[in-house]
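These notes open a run of structures that come right after.
Here chain A shows up in two complexes: once beside chain B, once beside chain C.
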Partner chain A sequence: MESSSHEHIISYAKLFGVLCSLLSFTAITIGVSRMDLGALNIWVAILIAACKASFILLFFMHLHYETRLLKITFVGTIGCLAILIGFVFWDISFR
Partner chain B sequence: MTDVQSYLETPSSPNLKGIRAWLLTTDHKRIGILYMISILFWFCIAVTLGLLLRTELMAEGKTLMGSETYNAVFTLHGVIMVFLFIIPGIPAIFGNFLLPIQIGSDDVFFPRLNLLSWYLYIFGGILAVVSLFSGGPPDTGWTFYVPFSIQTESGVTFTVLAAFILGMSSMLTGINFITTIHRLRIKTMGWMQMPLFTWSLYATAWVQLLATPILSITLLLIVAERIFGIGLFDPGRGGDPILYQHLFWMYSHPAVYIMILPAMGVVSEIMPVFSRKAIFGYKAIVSSTLAIAIAGSLVWAHHMFTSGMSDTAVFVFSLLTFVVAIPSAIKVFSWVSTMYKGSILMTPPLFFALCFIYLFSVGGLTGLVLGAAGTNIHVHDTHFVVGHFHFVMFGGAGFAFFAALHFWWPKMFGRMYNFRNAYRAAILITIGFILHYIPMLILGLQGMPRRYYNYLPRFEAGNFFAGIGGFIMVTGIMLMLVNLVQGLRKGAPAVGNPWGGTTLEWSVPSPPPLHNFVDQPSVKSYPYDFTDIIQQQAGSKQV
Partner chain C sequence: MNSRTPDKAGVKLGMWLFLYTEIMLFGGLFILYAVYYSKYTGVFIEAGKSLDITIGALNTVILLVSSFTVASAITAVQKKAQRSAITLVGISMVFGVLFLVNKYFEWGHKFEAGIYPGSPDLSDAEAGKSLFFGLYYLITGLHGIHIIIGLILLSISLYFITTKRIHATRFAVLENSGLYWHLVDLIWVFIFPLFYLIL
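Right after this comes the complex of A and B.
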């Protein structure tokens, strides 16, 4: 079995920092949604959502402290998701 | 070998007795049998609904049911067939039963999760039934297209939740299989020594794992739309109805490969055994399995050529659709080449497998008609589409399921069945199938839309013949099931390796003991090496 069994204890300060980052990103999302960036609007929204998801996965779900195999699996899954979302833009960007 | 107690006589825990020994079992074989009983139950329900539909369509106007009931019946037929029969069919029954044995393991990696998957499957099925009595039966078709699925007052919410729960069951099975293959494969078995059925389950499990969450979230969005009206798919509020179709088909097209890949795995097992010859192009079949899983996940929008999406997307997805034909054709050529100069032994499983190759090829080729944007526009949403996907789903996955039943039945229950009745059933099913679905292809080319309750007089003859074919096919299915069940009581005892197979499941007793292997399994350097089998047979003939 490769998975590590020791616990990772993250300090309250760090968790609070991540929470503040997430709230800030939410505020940015709302701010950006009120600006007209044309086609860029959706890319900015996806980028912010991806950053928020990364913070949650890395620190709240402890991926940052996991083994390489889990990290590769995660990156692979994100890659698949990116391809699927990207392919939708064959439609949306050319309508 | 026969003095070893089988899994049927040994509960997974000695404390469990009677029905509890089944309902609380963690033995992968018993869970496979639980799936078999429940999946065959739903299959019979869905077949009955399908037959009612075709009987209604045999003559113009109302014959059996009104238009509202007709909408509900075709929705339920689709939902049950897709989510409760074809998707779980081969992986949940034969995958559960055989995968650990084929890789030299005594169970799956997460046995309790395996049982939970079955309970989720049952819960999903019950929710589908509940949907019938909560605001009326669903009438959207199995695709739940917006805006109708959001506006209709029928019990779509429960049907959608049922599909969501069934998706969870499917994902858990996928996780279990991937982990089992990685972690519990016997040390002496390398990747290129794995049986092709296991390979097909592995590729399928990845598709299940990566594609199913998209459907699950999309279905929840429908529920959110129905309850909260958030406007995601409503153009009036900045939403996009075509986005729903993208999200739905992002899962539901790969779902076609969740159905067909294990079916291809079954055929890849059967062809070499009854040709007494190593499978042609083992590595090519493995590569094409993975290629189908990958390429098949990128072609979803060919279901949407007339939906109003961009011409660029039509071009890209049409091109990618044609790419999937290449690995599929590699498999067909490999199976046929396996038989070339083989010592062919005709048996019911081989008969079904041969029918699979023919019917799946027709399904694949008619799929190219739909994959080409030009022709697709003419036949989109006609009976041609219905004929095509039944050739793939039923002629492909369904016939492979029947082949698997006949191939592994002696292993699962330790009893043979009556060959003559099996052939009779198989011939009836095949003739009925062709008479049932070929008219649909023709009706579609003539312009008859799908899902219509009534039609123009010129379509009556085709619909009548399709109905006759349906009755012949259902007669064959009933005969097949009765014959198999009779085999349990009257069939001759099956030896450990009744067909002369080379993969590990044929090295254990029939039915297998609780922990599968009596002796340490011996892995061959090549999984389809028939040298020993041929020598044994030659020796027994000389004696």
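Right after this comes the complex of A and C.
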């Protein structure tokens, strides 16, 4: 059986470090949103949100330490979501 | 493996499979938002300005900190520090309640200003505005329900820690409640910029 995160202990210090990065990302996203970058604003906001989401998933949710099976199923889900987004926008942009 | 041994990997995979359905649920709603944003960009940006960034940012910090305390509670249980685990889960729940209190005031102000689903003000406004606030109430409302469910799960975990049914070798309930709580945080990470920060 593959080793699971059940045995992996993440130190308080590391978790606190992740929290600090998440708070800094929040400050950055607020700061950037007050600048006028035109159409780029929304993309920067989504990019920063994706970075924050990755930190939460990898460390708070232990995904970094999980089995390959869990990682593959997670990436598969995001892949399905990406296909859904792709086809919806493909549809609406040619109406 | 005898029948009394819990299947840890299976328990966790089951939880993640459920979380995937949640990702698709909110993902679908965000697509709805994105489609209408591309159609009514100007109106969405105007409507987004009426949301209070301070409350939004405060709620972001609240959820991030509570996620940190839940993750730390799991570390505490693994290190056999039951008392710290109880404190940490307790703090997380207090933060969860604070989030809902903020949300209550935020929604209350909007209701007072005549902005709520089906209100005369919104019906008379341009099409994009009612769509923006319709999606705002739908997504933040559904998210709020998730917070309430998360609080119930955390309180069950808290009860199990105090009664020592959650301990260093068996903490799947806390772990899965934690995963749910983090997912709620994860969704808020996208709600915050899309509704509060668009300019």
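Odds and ends about this structure:
The criterion applied here is as follows: the second predicted complex is superposed on the first by the 76 of 95 C-alpha atoms of A that agree within 3 Å, B and C clash if a C-alpha of one lies under 4 Å from a C-alpha of the other, contacts with A are read in each partner's own complex, and residues count from 1 in each chain.
Everything that follows uses one rule, which is that contacts are C-beta pairs under 8 Å (C-beta built on N, C-alpha and C of every residue); 3 or more make two chains touch, one makes a residue touch a chain.
These numbers were taken from a predicted model, which means no experiment stands behind them.
Touch criterion met: A:I42 reaches chain C, while chain B stays clear of it.
Looking at the shared chain after the overlay, A:L19 reaches chain C, while chain B stays out of its contact range. Shared-chain residue A:F74: touches chain C; no touch with chain B. In the superposition on chain A, contact is made by A:K52 with chain C only, not with chain B. In the superposition on chain A, contact of A:W90 is made with chain B only, not with chain C. By the document's definition of touching, of the two partners only chain C reaches A:I30; chain B does not.
More chain A residues lie in contact with C than with the other chain of the pair chain B and chain C. Contacts of chain A with chain B, set against its contacts with chain C after fitting on chain A, overlap at residues 1, 77, 80, 84, 88, 92. The part of chain C that touches chain A in the complex is made up of residues 8-9, 12-13, 16-17, 20, 23-24, 27-28, 31, 34-35, 37-38, 53, 57, 60-61, 64-65, 67-68, 70-72, 75, 78-79, 175, 178-179, 182-183, 185-186, 189-190, 192-194, 197-199. Touching chain A in their complex are the following residues of chain B: 183, 210, 214, 242-243, 246, 250, 297-298, 301, 309-313, 316-317.
The residues of chain A lying in touch with chain C in their complex are 1-2, 4, 6, 9-12, 15-16, 18-19, 22-23, 26, 29-30, 33-34, 36, 41-42, 45-46, 48-49, 52-53, 56-57, 59-61, 66-67, 69-70, 73-74, 77-78, 80-81, 84-85, 88-89, 92. The touching residues of chain A, when paired with chain B in their complex, are 1, 77, 80, 83-84, 87-88, 90-95.
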